[in-house]
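Letters A, B, C, D, E and F mark the chains in the order given here, with residues in each chain numbered from 1 onward.
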Amino acid sequence: MRITRNWLDHAEGSVLVEFGRTRVLCAASFTEGVPRWLKGKGTGWVTAEYAMLPRATNTRSDRESVKGRIGGRTHEISRLIGRSLRAVIDTKALGENTIVLDCDVLQADGGTRTAAITGAFVALADAIEHARAEGLIAKKAQPLIGSVAAVSVGIVGGRAVLDLDYPEDSTAETDMNVVMTGDGRFIEVQGTAEGEPFDRDLLGQLLDLATKGCSDLTERQRAALAEGVAQ
Amino acid sequence: MRITRNWLDHAEGSVLVEFGRTRVLCAASFTEGVPRWLKGKGTGWVTAEYAMLPRATNTRSDRESVKGRIGGRTHEISRLIGRSLRAVIDTKALGENTIVLDCDVLQADGGTRTAAITGAFVALADAIEHARAEGLIAKKAQPLIGSVAAVSVGIVGGRAVLDLDYPEDSTAETDMNVVMTGDGRFIEVQGTAEGEPFDRDLLGQLLDLATKGCSDLTERQRAALAEGVAQ
Amino acid sequence: MRITRNWLDHAEGSVLVEFGRTRVLCAASFTEGVPRWLKGKGTGWVTAEYAMLPRATNTRSDRESVKGRIGGRTHEISRLIGRSLRAVIDTKALGENTIVLDCDVLQADGGTRTAAITGAFVALADAIEHARAEGLIAKKAQPLIGSVAAVSVGIVGGRAVLDLDYPEDSTAETDMNVVMTGDGRFIEVQGTAEGEPFDRDLLGQLLDLATKGCSDLTERQRAALAEGVAQ
Amino acid sequence: MRITRNWLDHAEGSVLVEFGRTRVLCAASFTEGVPRWLKGKGTGWVTAEYAMLPRATNTRSDRESVKGRIGGRTHEISRLIGRSLRAVIDTKALGENTIVLDCDVLQADGGTRTAAITGAFVALADAIEHARAEGLIAKKAQPLIGSVAAVSVGIVGGRAVLDLDYPEDSTAETDMNVVMTGDGRFIEVQGTAEGEPFDRDLLGQLLDLATKGCSDLTERQRAALAEGVAQ
Amino acid sequence: MRITRNWLDHAEGSVLVEFGRTRVLCAASFTEGVPRWLKGKGTGWVTAEYAMLPRATNTRSDRESVKGRIGGRTHEISRLIGRSLRAVIDTKALGENTIVLDCDVLQADGGTRTAAITGAFVALADAIEHARAEGLIAKKAQPLIGSVAAVSVGIVGGRAVLDLDYPEDSTAETDMNVVMTGDGRFIEVQGTAEGEPFDRDLLGQLLDLATKGCSDLTERQRAALAEGVAQ
Amino acid sequence: MRITRNWLDHAEGSVLVEFGRTRVLCAASFTEGVPRWLKGKGTGWVTAEYAMLPRATNTRSDRESVKGRIGGRTHEISRLIGRSLRAVIDTKALGENTIVLDCDVLQADGGTRTAAITGAFVALADAIEHARAEGLIAKKAQPLIGSVAAVSVGIVGGRAVLDLDYPEDSTAETDMNVVMTGDGRFIEVQGTAEGEPFDRDLLGQLLDLATKGCSDLTERQRAALAEGVAQ
């Protein structure tokens, strides 16, 4: 697992996150102003858009722009990333500003949504730091009230497993995405029995594994953010 | 909570399910044949489409047909309903047939997706019985290998609560949808911290409450299905 | 034929209208303000949207939201309903307010568009009464300057027939929709020879039958509106 | 009123029809084969598409291709033209062939839909003659079993008037389109009270006027078709 | 080659341009105001939209409005026409006004984009003259700072050829569109080797031929514009 | 300028091409079969799709998938890349196989389309080599009959300049893209006067510069392809 900050020159924050063969480019764009439905309320907005390049996967898939519509899976993941990041944002402190996180999967081998959340958090932190440095938000305001990391866990052959790659993922009996704060609380728990329904005990094992995994990722994020950056 | 079977005259199975002021019309359509990507594999398909009438809610919302695109929320819920029902279907036993569950929310007051799953299961059971009676699937085949019910639980004012209505739902700190089989195992667990992240202990309380709620709904479904029906 | 007022809890006016097996849910939504092209003219707007649930019919049809576009038939009927209702509205008296009539066909067995017009009128009357009661429009203003009802008539086996159900409708040689005011004048006459063209004499018979049918429906509407309503 | 046959070089039939300042280009395209839902039934299909150039009207309107969707009015008129022409077609005699009538309004000054029908009939007749000459349909088969013409009539200032131009049309109290066969029977009658509802007597006057108008147009069509054409 | 001015009654400028069997109707619409991104800059805007009627070609093609999206070729040509015309417009002198050139191909036989540019220039000149006559732009302002004409040239059988018609065009080894000002300078040069790549020498021959061709067209445009016009 | 081959693990050919700050990821996907309109002709197909990530540019732009339609610029460039590559492909030798080149701009600083062509050629060569190694096309068949490279040249301050970066590009008086084969012939020449029209002499200077630039790129491509690759 590798986090490369400032992979892009233009974005206010950007991270190339690599999890095994999965590679996601997360770009944070800071803009002044908020969507119309939030105007005049003194609060900011953080949102996300997830997409996959056509040849990120083993066989090429059609572009959603060419099909003229966004699929359900894309919508679902974009919403998940947005919700996850907003959980650690104080929108009052952000002021009437918007940060959009673009998470584009350059190569996919399982766990793209959790990699996207984990990487996007770092890009978000950089974008906020950039905005404070530029005076776009008050120096003493701190919109970032925590950190976020995510893992996928699953049941393969009856056993709880962390970080499924694509072959595991597609054969897993249960696939669960867990998003946690840096202090070990849950933001999102989303588990689906693809095959056999699961019982409370297995669910407990999955949550234990996820808690451990998120805690490790939180360390990696801290380490990456601790390095000095000349943007 | 009320389940009215055969609310429609044409559909192979249909249920009007009412949960407080929430009313969802679930219609099961049985058709021979399967989508192209399943052809020749000898297995059937069950899928769902969820939608809301424009004035189901307190203020009117625009039709997705008029906007020309389906929103992320609609996609997300349609996929959830389809996954939940497929968990209790033996697609081999179904043969190369398709059942589509249309879940249209006539009136919404919280918990529409869980009401839809709970009602759709009954419509699905009726459609399968109809198909067996008509000889569309073999009499001895039993595609239905279990039952499914769903509840929403949430944390309101720091306490776990069952069946949130709309005012509760929109102020809940955490909102969780739980889909379970009739024998008490989990098909889907999907919890989101809208406000404060939640810890393992609260999560446990939510799951307890959900288990109890799904068990009650399972009883209601059984009772409804036990009544003789002259279709 | 049955008119059930206030079938919905949220809408300003709502009617479930049943004509044989045809069931249409008509919801009237009153909102302040008008579309952009009417702003500042001191007049209101009444419009309608018609749609069919996918399993309203004998075989399931695809959702227009999924197809991403509204079909010609839907457009045509929505426009007809809107025009018919505007014929009995004094838009000046309505002020700069908009009423949208959503007519959703829950089950179809012929005559859905005429049932929709007949039911929508009652929902419209309730919405206006509600707006006056709430002071959204002046108590002494009366935007409703008449009543509207509609029937379908046709030629089946060479004879003029009232209220075609689906089997008749699909075999009718001529199908005509007639919209009339409560005082017996025509708002819309729309007749199409599906098979043999028709002559002036048969047209006369169709109009006689329609006049009688609309007059009966007007009575039913009056009776329904005369009942006290505790909304 | 002027009918110019063979205005195009490629189309199997084509007519530029001019009614006052209204100019509609009608092109009939004959192709072998039918839409999927008609395959193998031994019958043909005739359909129409109506559209307006952006600057056909007094002020420019946006292209429907740019907007990405076809409006209700366009749909409505396309369907009307198609229905009207099919009324004089024996689809069995046509065999499994399709004729598409493209009616593009180059300039509009009222009555575009009725001009389109009247012109399209002539283009259709030419396309059928062409197909017989080319042996695409049997020489002894005659798919054309009658002729079709259409007029618009209306009530302006309380009086019935034939052939409304745009200023009359937009102020008419009632606007009615009447489509008739060459032998004086009705194919379509579509009248709408834009202002005051109309009574049976005025309706009778409109129909008298329309009958006379269609009869004149039928003569014009015959004269145009009687001229020898070297395509 | 024939240029007919004022082919339409409503448009501020309109030209039917005929090049062999190719016929393009060019309509210039002058409106006050500019697109949002230009507001308040004191400059005007000239843009173009190109389209083909479905039966302009030898076999019918589907309407882009029906398909719900504009194809790449249409986009490409619309952009080319707009760029070409803007090259001879002083947008400051135009003031905050917009001129849209609609170029609709009524019949196609090669060279539709170059015919469109050549005709659209004349329609543009007429629209500007109209706007000055009406006082919509200052009498002493002259937004038109030159003239534009365009030809297509190509290599057929190894030889450079001017004005390819459709059979030549579709077999040409290289197809080049050249847009020039009336004083012999280049606005756009766009050449594509469909078959064999071409060398610098052949490119030179193509440019010579194009220069001569544009010069001839410039003469025709001048002659057409010199005729007195009673609009 | 840097070419990194095999940047992706799944694609049959892939290149990350960097030109200054411009970075384009080119992925070549080889699939058996051809589009419907080519079936049974014994020839293959090569096509391309170009897109930009939302934050490739200095300010974020909306995703075309979210807008639901592809813009004219994207269409134009995709078509240019496809045409350019097909110029060096012997489609007979390719057999009934398709290669799609996805060119996704990760970061943009001018010259993205020419970088895409130059990089896509290398990915295409690798995909063909892969297909031969896998026996998907005959070992002795050689679909690649030449090489392709592209540069942008322009006139800045009256002087011809090679490889415009974004600030130059947006102020250039003329912007020209030139695509050439490895043996120095032209595949595409596309020059547009953004400001002042240009004369034949300046055009000659641009072509000289482009010829030199393409020749240098051809060397780079050869060097990159000469390196042994363990895919």
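The definition used in the following text is that a residue touches a chain if its C-beta (ideal position, glycine included) is under 8 Å from a C-beta of that chain, and two chains touch if they have at least 3 such contacts.
The structure presented is a predicted model; accordingly, all values stated were derived computationally and were not measured.
Student: What is the touch distance from chain B to chain F, in steps?
Tutor: 2
Student: Chains touching chain B and chain D alike, please list them.
Tutor: Chains touching both chain B and chain D: C.
Student: Look at interface B-C and say which pair in D-E, C-D or E-F is its repeat, using the rule that over half of the contact pairs are identical by residue number.
Tutor: Going through D-E, C-D or E-F one by one, only D-E repeats the B-C interface.
Student: How many angstrom lie between the centres of chain A and chain B, each centre taken as the mean Cα position?
Tutor: Result: the chain centres lie 29 Å from each other.
Student: Suppose each chain is reduced to the average of its Cα coordinates; what separation in Å results between chain B and chain E?
Tutor: Once rounded, the distance between the two centres reads 58 Å.
Student: Please work out the Cα centroid separation of chain A and chain E, and write it as a whole number of Å.
Tutor: 49
Student: If you look at chain B, which of its residues touch at least two other chains?
Tutor: 68-70
Student: Circling the ring from chain B via chain C, which chains come up in turn?
Tutor: Around the ring, beginning at chain B and stepping to chain C, we get B, C, D, E, F, A.
Student: Can you name the residues of chain A that touch chain F in the complex?
Tutor: By the definition above, chain A touches chain F via 8-11, 14, 21, 25, 27, 29, 31, 49, 51, 53-60, 63-70, 74, 100, 102, 104, 106-107, 109.
Student: Would you tell me which residues of chain C are touching chain D in their complex?
Tutor: 69-73, 75-76, 78-79, 83, 87, 146, 176, 180-181, 184-193, 197-200, 203, 207, 211
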